[in-house]
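Presented below are the structures under discussion, each in the form of C-alpha cells.
Two complexes, one shared chain (subunit A), two partners (subunit B, subunit C).
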Partner chain A sequence: MRKGTNGLPVFSSRLLATCLLLVPAVLHGFPIFYMLSVSFKEAAEAYKFPPSLLPSHPVLTNYSDALNAAPLWQFMLNSLIAALGITAIQMLTSILAAYALARIEFKGRKIVLGFVVAMLMVPSEITIVPNYLMMVRTGLIDTHLALIAPFSASAFGIFLLYQFFSGVPRELEEAAIVDGASRMRFLFQILVPVSMPAIVAFGVFAFVSAWNQYLWPLVVTQSTAMRTVQVGVGMFRSEQEATSWGMVMAATSILVLPSIALFIATQKQFVRGLVSSGAGVKG
Partner chain B sequence: MKMKKKMKKKKKIKRWMPFSLILAGAMTMIPMSACTSGKNSAGRVFGSGKIKKAKAIEFWHSMSGDKSQVLNDLVDDYNKDATATGRLPVKLQFTGTYTDGINKLRLAVMANRPPHLAQIYEIGTQQLVDSGAVIPLEELIAGDSDFGLEQMLPQVLQYYTVRGKLYSLPFATSNPVIYANGNALEAAGMTTPPDTFEGLEEACPKLADLIKGRTCLTLPLTSWLFEQSLARQGALLVDKENGRIGVSGEAIYAGAEGRFFFDFLRRLSDAGMFANTGRSWDPPVENFMAGRSALLVTSTSDVFVLGQRAKFPVVVGRFPVRANLGSVISSGTILGGNSIWAMKGRADGEMKQAYQFVKYLASAPVQRRWHVNTGYFPIRKDVIGALEAEGFYTANPNARVAVDQLLAAPDSAAAKGALAGVFPELREHVENAMEEALAGKDGSGPSLERAQAKSSRALQRYRKLL
Partner chain C sequence: MSENSTSDATRSAWLFLAPALILMFIFTVAPAMFSLLLSFHDFKPFSFTLVPVGLDQYMELAGSEDYRTSLMATLRFAALVVPGAVLGSLAVAVLLDQMPFFRSIFRTIFLIPVGISPAMAAMLWVFLFNPTSGFLNYLLSTAGIAGPAWLSDPDWAPFAVSLTTVWKEVGFNIIFLMAALAQVPVELQEAAWMDGANSFRRFWHITLPSISPAMFFVTVVSVIHAFESFGQIHILTRGGPAGSTGVLVYQLFRDGFENSRLGLAAAEAVILFVIIGGVTLVQFMVARYLKGSPQ
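So, the complex of A and B:
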C-alpha cells in the first residue's frame, strides 16, 4: 500500500483531511445557503419555527420588491468603482513602498518601517473625522473620489509585500542590474511577476475590505445615487422593529454576488499568496 | 470682528465636547479626536466655510425598511406641490441607524455643513439642546398662528419641551405595548393579556406550553422597557426631576422600583417562562411570530406589521402596571421614537422653507397617513378624533391601545421621561445590569447599584463639561 509522508495511507489521510475540512466548510456555507433559502420564502414562512431549510412555496417577489425598493444596480456600480479604485491604488502604492523599504538603503528606513507597522494597529474609524473634514474642505463630499482617496495607502499591504520582497533572493536584482536594468524596470518586470501570488492575495483582501466598508461611505455620501452596497443593505434593515427578512435576504443575495465571483476567479492565487507570504517571513 | 467669530466657533465646538464622552462602542474615540482637531483649527480652516446656496432642503433621517417607503411617499407628495408653488423641494438622506445618524450630524456640524433638518432619536434630545447647534422649533413657529400647536397632544410635546421651550417636532412617536398570541390566550381562557406584572406572572404557566417549547414572554433586553417600568411605578431614572428642572448629576434607579422589573424577569426566566434573546429588537419579534412565545413586549410601531404577518390572531394590551401601588399609581408610559430638529448654520430664507416642510409633516393629513401606515401614533388630537369618528379604532382595536396609553399619561416627571446628555451610555449600563441580573448569582440589587454608580459618574462628567 502506498504511504504518505506521515506514514498514513494516502487514501485515508485524504479522507481524514476531507472530513476535517468539511466541518468548517459546512459552518461557513450554511449561512449563505440559508440566506438564499429565505430570499425565496414568503413573509409568513420566514418566521416559521422550526425553520424550514427550503421554501415550501418558492416566490420571486422578494427579489422584485428589493429591486424596486432601492437602486441596487447603482449601489453595486458605486461599490465596484470604489473597491476597484481602492484596490488598484493600494496595490500600486504598496508595491512601491514595500520595494523601497525592502531593498533601498536610506536614512530612517527602520523608522519608516516602524511607522508602517504601528499603522497596522490604528483602526480606520479613528481617521474618520480628519478625513471627513478634509473631504469637506476639498469639496469632494458625495463623489466617488471621496470613497477612494482616503484609502490610497495600506499599511497591511506595505507590510505584506515588504515581507514577500525581502524573501526574494538579492541575486535576482544584482543580475538584473548587471544586465543594465533600472530599479523601476527590475521592480515591474521581474519582482512584481515573481511576487504575483502575494500581490493578488493582497488585492483580493483590499477589494473585499473596501467592498465591505460601511461607516465611511455612510458618512461621506449624501445622495442615494452615490450610496454603496453596504449602506444600501442598511436601508432595508429596520431598527427597533420587525424586518422583512425575505426582502433583506434577496437584496443581500444580489449584493454579495461580486465578492463571491471575485473570490472564485482568484481563489488559487489567493490561497497561494497567503501560504507563500507566510513562508516568506524570516525568522 | 474676525476674532469674535473665531471665539464663537470655538465656543460652539466646545459645547459639542460633551458629545465626545457619550458614545460607547466603536465610535468612542472619534468624537475625541474630532474635538481636539476641531478646536485647534476651527477658526483657521472652517471659519470661512460658507455653505453653497441649497437647491433643496436637506433632511437626514434614520427610517429604514417599510417605514422609509412611507416617508419617501410623503416627501414625494410634498415635492410635487413644491415645484408648482416655487418652494424648495426636500431631499431625503438616509443616515443609517439612529446612532450613526447622530454621529454623522456631529461630524457635519463640526465641518460647518449641517443639513437643514435632522431626525434624531429621543435620547439624543439633551445632547442637541446643549450643543447650541439647533434652532428650537418654537422659535421657528413664532408668529405663525396656523401651525396647529394647540392641536398637538400635550403628552407628546412635553417630552421634547426642555426648560419650557419646545425644541423639536415629535415625529415618529411610540410607546411599548404587549402583544399576545390570540390562540394562546384562548387556550388559557383569557381574552386580553394581563394588565399587571403580577397578573402576568400568574397567567404565565397557562400561557406557556413548555412541552411544545412555547415560553410565556419574550422581550428585548433594552433599557427602554426598564425605564417604562419605572415610569409605571412613578419612579425616576435620574435626579433633578428626571433632568427636567436642571441638568441631572445622579442616577437614582436602583431602588425597589428598579429592582422590581429585574426580579420579575429573573423569576420568569428561572421558571423557563421567559425567552431571553438578548438586546436586539428583532429576535423577540421573530420568537413571537413563530409562535414560540405567547407574549411579546415591544414598541407599538410594529402593530400593523405584526397583525398582518402573524399566522394567528394578535391581541394588543397596555404595558403592564404594578398591582397594589396604592396612591402612587402612574399609568404613564414614556414616549419613544424620534423627533425632527432644525439646524443652525443655513441661510434664513432656506430655514423658512424648511419650516414649511416641518409644518407639512405636522399637518393633520400627513400625521394621519403616517399613523395608519406605520403604527407610530399621531401627535394631533384632531387626527385621533377623526379616526375615532370614522370607526377606525373600532376596526383596529390594537392600534387604539397605544393611543389610550399615551392619553392616560399624567403630567409628571416620571411619565415625561428622563433627559440626559449621556443617555446612550446610561442605557448601556442598565442593559449590562439586566444581563448580569438574569445570568448572575448575586441578584438584581448589586448589578443595578453598580450600573447606577457608573451612570452617575457619566452624568457628572457631562455636567462638568457644560
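So, the complex of A and C:
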C-alpha cells in the first residue's frame, strides 16, 4: 500500500510541476521583457551582437522619437472610440435581445434562438467586401462610425446573456410584473443589476476583441489620423524597420502596454466570459 | 406569463429583439448573401456596377497557381499551429493545475498574449527573428547552430509565423483546459491512486477522458483561428516570401483590396465561409454528441 507516503508524492509532484513550468514561463514572458529592454537601448546597442539582455545605458530618446514619428495618441484615441462604441452598442442590443429570448414566451422564439446560434458560426470574412462597399457608398469610409457599425450586434453577446438571464429565478419577474411594472423597467432595474457579473464579463470580452481588430480597420481607414492602434503599429514595421529598433520597440511598448495592463486587471472577467460561452455553446 | 395575453408578449418580444436582429441583418445576413451574389459577378470599382460572369471566378480560382499555393500555405500553417497550440496548452494547463504556489503569476504570464492583438504579437517577435542581431539566432548560436533568415527564407517563414501564433494562442486554450481540469472528479483520481496507478496512467485513463470535450473544443477553435489568421502575417511577412505564408485570408485581402478585384475576393470569402462553417458545424454536432453520451 502506498497510503503511508501520502504527503511526499503529492509534494514532490507539485515541486516538479513548478520546476517544469519555470523555463516555458520565462520563455513565454521573454518577448514582452525584451521589447521593454530594447526600447531603452541606444541605437548602436540595439543592433549589437551578441545582444544584451538589459540596456547598458538606458535612454528615453526612443520614446520621444516614437511619439514624433507617428500620432500614437491619436491611434489610441481612435481605438478607444471604436472599442467603447462597439462595446456599448453590443451590450445594449444584446441585453434587449437576450431578455426577450430568455424571459418572454412568444411564437418563433426557438427559430430566433436557432438563428442566433447560426450567426455564431458565420466567419466575419464573408461580410467584409459588401460591408466595405457599403461604407464607400455611404461615404462613411475613413470615419469612426465605419469602425463601429458592422459590429453593433453580437450573436455571442446575445447567447451569453441569454444563458445567464435564463438562470435567474422566475419569482423576481412575477413580483415585478404583477404590480404593473413594465418589462423595460424590470429588465433595467432588476434583471440587469443581478446579472452584472455576466454583463461585465461580456463587456470586457467585447472591448478586448474590438480593440484588437486588424483586418476591418486596415480596410476601412485610409488617413493616418484615422488609424487604430493595431494598424498604426504596423506602420513602424513597414517604414521604420531599418532606422531604429529601439524606437520601433518604444512605439510598440506605448501601444501594447495599455492592453496588457487592461488584460491583467480584467483577466477574471475575460476568462469567465470565455469559459461560460464555451461551456454553453460549444462543449 | 399569465398576466399577459399571448399576442402582447409576442409583440413586446419582437420589439426587444428588433435592434439586434435588424443590425445583424444589415451588417451580417445581407452582406453574406451579397458576397454570394458578388462571387458570380465582376465588380467594376469605378462605375460601381456588376457584370455577371457566372462561375468564371470560381473556375479562375480552381485553376490558379496562386490560389493553390495559398491553400497549401494555409494547410501547412494549420498543421504547424494546431498541434503546437493544443499540446502546448495541455502540458502547461496540466502543470498549472498541479501547482500549489505562484499559480496565478504563472497563469498570467501564459494568458497575457491572449489579451494583445495578433498584430502586436508580431511586433514583439519581428525583432527576435532578425537574422543578424535577433535574440533567437543568438540563442541558437550559443548551441552552435547558425540560425536561418527566419522571415525571408520560404522554408522558415512558415515556422516563424506559426511560432508567433502559437505563442499568442496557447493562453486561449489554457483557459478552457484549466476550466475542464478543475471539473475532473477528485474521487476518481483518488481511487486510481489507491489502486496504485502511476501519474501517467492516471492522466491517460482518468484526466484525459474527462477533459476530452474541452480538448476537442480547443482543437477545433485552433483550426478555425488558424484559418482566419491575418494580422500577424500581414505584419511579419506580407504573405511572403514566395507565397509561403500567404494564407487564404491574406490572398482574399490582396485580391480584393490591393488588386481591386472585389468579385474574386467575394468568391474566396464564400469558399472560406464553406470551410470554416463546415468545421464549425461538425464541431457543434460532435459537441452535442459528447454532451449527450455518458462519460
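Heads up, the rule we're going with is that the second predicted complex is superposed on the first by the 206 of 283 C-alpha atoms of A that agree within 3 Å, B and C clash if a C-alpha of one lies under 4 Å from a C-alpha of the other, contacts with A are read in each partner's own complex, and residues count from 1 in each chain.
Just so it is clear, a residue touches a chain if its C-beta (ideal position, glycine included) is under 8 Å from a C-beta of that chain, and two chains touch if they have at least 3 such contacts.
Small disclaimer: the values here were computed from a predicted structure and weren't measured.
> Examine A:138 and indicate which partner it touches, taking first as subunit B and second as subunit C; both and neither are also allowed.
A:138 contacts neither subunit B nor subunit C.
> Is A:43 touching the first partner subunit B, the second partner subunit C, both, or neither of them?
A:43 contacts subunit B only, not subunit C.
> So, A:12: does it touch subunit B (first), subunit C (second), both, or neither?
neither
> Once the structures are superposed on A, label A:224 by its partner contacts, choosing first (subunit B), second (subunit C), both or neither.
first
> Should A:189 be classified as contacting the first partner (subunit B), the second (subunit C), both, or neither?
In the superposition, A:189 touches no partner, neither subunit B nor subunit C.
> With both structures superposed, pick whichever of subunit B and subunit C touches the larger number of subunit A residues.
Counting residues of subunit A touched by each partner, the higher count goes to C.
> Is A:64 contacted by the first partner subunit B, the second partner subunit C, both or neither?
In the superposition, A:64 touches no partner, neither subunit B nor subunit C.
> Considering only the touch criterion stated at the top, classify A:97 as touching first (subunit B), second (subunit C), both, or neither.
second
> Is A:244 contacted by the first partner subunit B, the second partner subunit C, both or neither?
first
> For subunit A, which residues lie in the overlap of the subunit B contacts and the subunit C contacts?
Common to the two interfaces on subunit A: residues 47-49, 123, 125-126, 128-130, 132-133, 137, 215, 218-219, 231, 234, 236-237, 241.
> Across the complex, what residues on subunit A touch subunit B?
43-44, 47-49, 69, 123, 125-126, 128-130, 132-133, 136-137, 141, 215, 218-219, 222-224, 227, 231, 234-244
> What part of subunit A is in contact with subunit C in the complex they form?
Touch residues, subunit A against subunit C: 2-3, 13-14, 17-18, 20-21, 24-25, 28-32, 34-35, 38, 46-51, 92-94, 96-97, 99-101, 104-109, 112, 119-134, 137, 149-153, 155, 158, 177-178, 183, 208, 211-215, 218-219, 230-231, 233-234, 236-237, 241, 245, 248-249, 252, 255-256, 259-260, 262-264, 267, 270-271, 274-275, 278-279, 282-283.
> Which of the residues in subunit C end up touching subunit A in this complex?
Residues in contact with subunit A: 1, 3-4, 6, 9-10, 12-14, 16-17, 19-21, 23-24, 27-28, 30-32, 34-35, 38, 48, 92, 95-96, 98-102, 106, 108-128, 130, 132-135, 138, 141, 167, 170, 172, 175-176, 179, 193-194, 196, 199, 213-214, 216-217, 220-221, 224, 228, 230-231, 234-235, 249, 252-253, 256-257, 262, 265-266, 269-270, 272-273, 276-277, 280-281, 283-284, 287, 290-291.
> Mind pulling up the subunit B residues that touch subunit A in the complex?
That would be residues 26-27, 29-31, 33-34, 37-38, 45-46, 49, 58, 62, 64-69, 91, 93-98, 100, 103-104, 107, 110-113, 281-282, 285-286, 289-292, 298-299, 301-302, 305-306, 309-311 of subunit B.
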